[in-house]
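The structure appears right after this line, and notes come after that.
In order of appearance the chains are A, B, C, D, E and F, and numbering begins at 1 in each one.
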């Protein structure tokens, strides 16, 4: 079976339990087990080859640009871990089937479990460190799901988050480390990296890479000071704890250290960081475990302690120590998984895991007691069990290790750790199972069914078997694995008796003093309890909560909804980069001479400046502000006329009027004044920002105007080709409808969209809700004069409207050759129509002539678009214009250009958009209680007074 | 003349920027309109100033001003008209929905004290 | 002769504009300012036409026509706003 | 000349008014035609993608005017990719809107949607700087309409802010364009590339000002700090499907930066040099940090996703700021990823919000209909967004990190990894609060019925499936993107294509 | 002929200038809004009218091209000036006017501007009250 | 039918003239086009001008226009004199009520416009029933005289034209 398939199997299989849960819990568990068994089978089929020293590989190209490929390989180390993961996984699946209650969503559980299993298998099979990283992070994610499985428990959620945070953070550090490693070697393939020890250890980046990778490993393996998450992960269901925290996830860190051992180990940096961390972890965790009353917490800290032990062994950097480490990994997996499952059984049966509430279970649960006894004695290092073998070998290694020139520190401290280990192991047995049977168990315990104790029993048998005949059971496995770890041939010799070596004395001492320690548990516990000590969760929360609060405070402060501040920041940023760009560049001063200032122009300037200054001053009076905007718009238009831009002037003035109209219409409902709300300081600050912006923009345009630039502008072409190529003498208009007609197409689309959005907006406002209620209760906030529709205006409009429409047609038609065009014509017609509305009211006018403004917009955009498409039929690109001169009898020659059709589209869209906006605002007014008159004017002089009401 | 145009553009920009930094929708919209005036003149002036030389082809030209910048300004004017119309209506809609015309979402600073209120 | 007359007329209307500006700065209320704006439009139309004479160009008259139209409409709109609030009721 | 090039603009541009004209009052018809239109657009975009992949840049001369005097459209790999991305996303989002009846909560949804597509496609295709402005405006105004679709006080207020902020951006765009035109005398992007490369030294400062102002404009669109302020409220108050569509809007900013600053102002330009990288990189890093902090500090789910979107723009801009083919490849891959991831999350949050009544993280509410399903979807989306394995976000980040080895490696990597952690914490806190704590508030399981909305869920699944696909096919995709960024840095090909004489 | 035209044009221009100036001067010199309203609406019309006439003559006689656009502008201004004045006066009366200082209308009704909302409800105007709840489809413009 | 085609024949005429003035040349093509517009536009705007005002004596308009033009010129001189030379303290402005005999809205509008354009007077408002005009005088020592002049010089003539 291909390694890729083995790695993929759990992921593919993860779908099944979720789907099959409807077929029942047994089916669900069976299929999960089958998937795992199948994967295990796949691994085992490769076992003979691996044991022969071969390396099985599978390569799959994935992301070659990055060097990330789905490359897998299976050597001794991978085989051991894959076996552990899948083998123990199988047992856990069996156990969980009986452990989980009917209320728990079992399908979900098995899905998560398989995802986790797949991630773990992936880690140990990866031949690409980037791929390994992916699986690495996947274990963090899937364990997050597993730990938080009981979603209703706050401890579960918090424990899951803590585990994810810590291991996730470690994973991220490891990403950096791995990338650096790949960078040094030039490949992310493990097999390549593992052959470059000198290159890596000689690199300047060795230490950063080492530290970053170790952070990843230590967090995952719960090494000091990252150990705190592990006990909190115990909020998970016991099968999870048993799986994650004995055999798999926590061992991923060990796996990684073992995997990278050939290229990272052997340096002083490695030794002091890894060995010291392992040693500290071992002692500290063992001590804590001794004082824990929760069975699972005790086991959790004992796990941390044993992981420290293994870490320390790997840290020694010698082949012998590494071999011992491998052996202890096997041993620990067997006894610890058995213990976890047994603890789960006790919890399941007695409904408590508190040692203080237990005791005497030996009589009630003999099978469980036997299993625990075997496993715990192994953990304590009592011969002939497997734990004894590896622990003694470990002690032996410490004896040969010099730490900062000191020969006794290592063995002494390791023995101390072993002592605590003995103590908590015995306590586990004694305080839970020995002593008298109690009457106050939360639930009357008894041994569970076979299904539940089978798995730990199998492991207990293994503990004994390996202990009794280690070389037969695991000799080859340890050798193969250790060879893979050290990258050479490992020598394995496991024996119960080495003679009277120092390790034996240390071991004896540890057991003895462990006994004593257990006897003194009560006084020590009193001391322990009275000593203040950091609580992991409190510290974690103390770090994370303020951080989260600060994040919230920063975010809320930064994005507080104050547009004024947003825009102030934006303005300052823009000014800053603009200034920086200018200052850091070369600028030659202006080459042009100033155009002379005619007095009239100066007066116009004065008016513009004066009106703008007044706007600063009076902007709070909103009506006045609009009058001033009118003045400014007028002066800008006049400026355009003066500076040879008649089209601009026409457009600007009509747009300005239309804008002011809309603003007036809106102002009717809005407050008429803007109150003073900013402090003087803030106004001053805003004034400074505004002044800076004004100076910046003014200086920029001045510099631009004063300089002749190197290149001729493309406008020369437009001037030359406007008449011959575009058929019009008004170059600006020809640019608009021809050279850059596509821009204009976009521009009228904008207008059309504006109309549609306004309509949709008003439709929404009037559909009901706060706005509608507010309108229904509307009371005008200013005194209203009588005579809504003064007679004089109505009568005058009857003349002005037709004339204005005619002017509109005129401006439309002449646009191609003289100032004008569809847009201005559209606005003229729109303004003329507004005049009619002002005279007799919108409602009155609309009732007399129903115009579908939507259709105007729709047709406008469509006509413009179709006009552009038309040129396809002449095999020309979109918007290719053509024009011709025609002569009809009796009538002078005239020009017809397709651009005029386009301009018609522009015209219709403009009229439609403006009218739709007015119509919308008028609907708001009608909802606010405004009435529609039936006569064009209020005053009826031709009506007989006696007639009275009609 | 260039000085006049540049200073006018600068002042209109400054006025626009000052107004968009206010707290109510209406002055902000007026400020945006001012900014659009300013930028229109800016674009126009970036094609240089010419007096009495409109870009209308004649038989005996003394020269023409840059027609392209004018066309760009026209496009810009139209677009900003559409945008202004839209934001006016949105501001009105927001006012009708919420009952106030603050442009800030949460911002409700206390009005300035009587001393500062006297402008 | 005409150039002098033109210059004189330019001067007069230019000065007129300054008077309008004064009225926009200093006025008892918005109505006077609307009046000033309306007058300003008239003066500007005159200036435009003078300008057309000066440059012998007839291109600017459309602008004059449109200024007259928009000036009228906006004055009415401002007044209608003061009178009724809604200008197109 | 290949008329298909303009089809992505013309099709929605004519379909939208057709919808307004013919079927304004018939939502079912609108749905049929609009969806069909988007589907056809997607099909065309795939054809264009295929064409672009096998040909040098192809140019469409609008009005048959030669470059640089008229407006040209340029179809190259990048523009084809962006259009295809837009079309595919749009189709999914539209189906979601139909599936949840979002499109019925206001008028003109489909017409505005088509106009939005017109604007996006136009912006991606154009080879003219001013035309880019015009189509920015088209896409913006359509987005204003879509943003306030459905109305409501908060949405309107946020909408006003969004519009106001972007109007300032549009004004800035014009200042920048006028400056650049004044200095170079041209608007055609290929012509600009030629002129800028030959610019006399004395003109440099003014051109630099124009160019950085342009950069700031795109920074507004791309939500680069300190111009990101408009985004959180806009995206979180916009209707779910609209926010999802907006996932591609920020990318318009990134696209424009990539296009303009590789074609016109590449780092070897004498006048501008590394000016833009010097500004972009620090801003991008801060953007990443602000986004991550926002994810951790957000009090609402939609806001959280909005900040995640900001953060993703930071990552993207870090890649872009390198201005190397390798980094642009990484950036483009991340762009594809973050578009789908952001869209998926906004839709998921919309599903949640719709059932839960709100998205406030501070309130624990019991599970609602389809709670479990939404939980799974959220978990997938969060993994993608936070850049956790195995989804494309992780690959994207690896690519970006791999491409940023160099002088600023330490700070860039630290920023990316540290913010990843913060983002993970933020997502896990929010997710466990909303999805897990729900079980603590009640003992009864949610009623399975509720709103079914199978189409909506299918769309979300499709988006997540897209991410999976992007992950699985990362090899071919990055190889395609490598060719794309190679093409970007080979500006002579682009310039030659534009200046090929018009064939009659 | 040319000489006469030149003199005519010049006189027209000077007169127009003076009237225009007087109109705007009146705007700042006269004491209250109502009197100020007289100055521009009259003087300015002749001012601008004179300029327009001069322009017509100028282009006709001096340049040989008769342009009627000026005539149109003049007509337009003459047509609209009274309306403008009327509206400004009404606006002023509404904002600052005192009903009691106005002369009597001599008819049963008050001046139109002063007729307030309640009067407006009287029989002269029949108003179409909108339905209290208008559904969306009623107002499809 | 003819009424539908030419809702306001005078308006048609006015528009044709306006168009010819706009295009600024007298060619057949333009005239044809002017006629087309002159017919179409009044039809479009007809709904806003429902009734056709009676013009009893169109020829009399010419005389009226001449008188008014003369008065406008005269009024300008008078107003200019007042503005320039009369101190504000001596200004005797006054409100005058002008009762109306005219009933046609068009006629009243013309009268009101005339008042505004002529010596020192300005139509400020109308009574609610349209039976009186409110006229403001810039300088009117004798308001009665102003009212009488308006009634005799303008209103009487307009009565002849319109009614």
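Before moving on, here are some points about what is shown:
Convention: contacts are C-beta pairs under 8 Å (C-beta built on N, C-alpha and C of every residue); 3 or more make two chains touch, one makes a residue touch a chain.
Owing to the predicted nature of the structure, the values given are computational and were not obtained by experimental measurement.
Fewest steps needed to get from subunit C to subunit F, stepping only to touching chains, is 2.
With centres computed as the average of Cα coordinates, no chain lies farther from subunit A than F.
Relative to the centroid of every protein C-alpha atom shown, the closest chain centre, again from C-alpha atoms, is found for D.
Each chain gets one centre point, the mean of its Cα atoms, and the points for subunit A and subunit B are 38 Å apart. Spacing of subunit A relative to subunit E, judged by their CA centroids, is 64 angstrom. Centre-to-centre separation of subunit A and subunit F, using mean CA positions: 73 Å. For this pair, subunit E with subunit F, the centres built from the Cα atoms lie 12 Å apart.
Residue positions of subunit C with contacts to 2 or more other chains are 10-11, 15, 17, 20, 30, 34, 59, 62, 65, 69, 76, 78, 80, 82-83.
Residue positions of subunit D touching 2 or more other chains, listed in rising order: 130, 134, 137, 141, 144, 148, 151-153, 156, 161, 164, 168, 175, 178-179, 181-182, 187, 233. In subunit B, 20, 25, 28-29, 38, 42, 46-47, 52, 54, 56, 68-69, 75, 79, 82-83, 86, 90-91, 93, 97-98, 103, 105 are the positions where the chain touches two or more neighbouring chains simultaneously.
Residue ranges on subunit E touching subunit A, taken from their complex, read 76, 79-80, 82-83, 86-87, 90, 93-94, 108, 110, 112-117, 119-120, 123-130, 132, 134, 136, 139, 141.
If you check the complex, the residues on subunit C that touch subunit A are 10-11, 14-15, 17-18, 20-21, 24-25, 30, 33-34, 37, 40-41, 44, 47-48, 51, 59-60, 62-63, 65-67, 69-71, 73-74, 76-78, 80-89. Residues 1-2, 4-6, 8-13, 15-17, 19-20, 22-23, 28-32, 34-36, 38-39, 42-43, 45-46, 49-50, 52-53, 56, 58, 61-62, 64-65, 68-69, 72, 75-76, 78-80, 82-83 of subunit C are the ones touching subunit E in the complex. Here subunit E touches subunit C in the complex through residues 6-7, 9-11, 13-14, 16-18, 20-21, 23-25, 27-28, 33, 36-37, 40, 44-45, 47-48, 51-52, 54-55, 58-59, 62-63, 65, 67, 69-70, 72-73, 76-77, 80, 83-84, 87-88, 90-92, 94-96, 113, going by the rule given at the top. Against subunit E, the residues of subunit A that register as touching in their complex are 759, 763, 766-767, 776, 783-788, 790, 792-793, 796, 799-800, 803, 846, 851-854, 915-916, 919-920, 923, 926-927, 929-935, 938-940, 945, 948-950.
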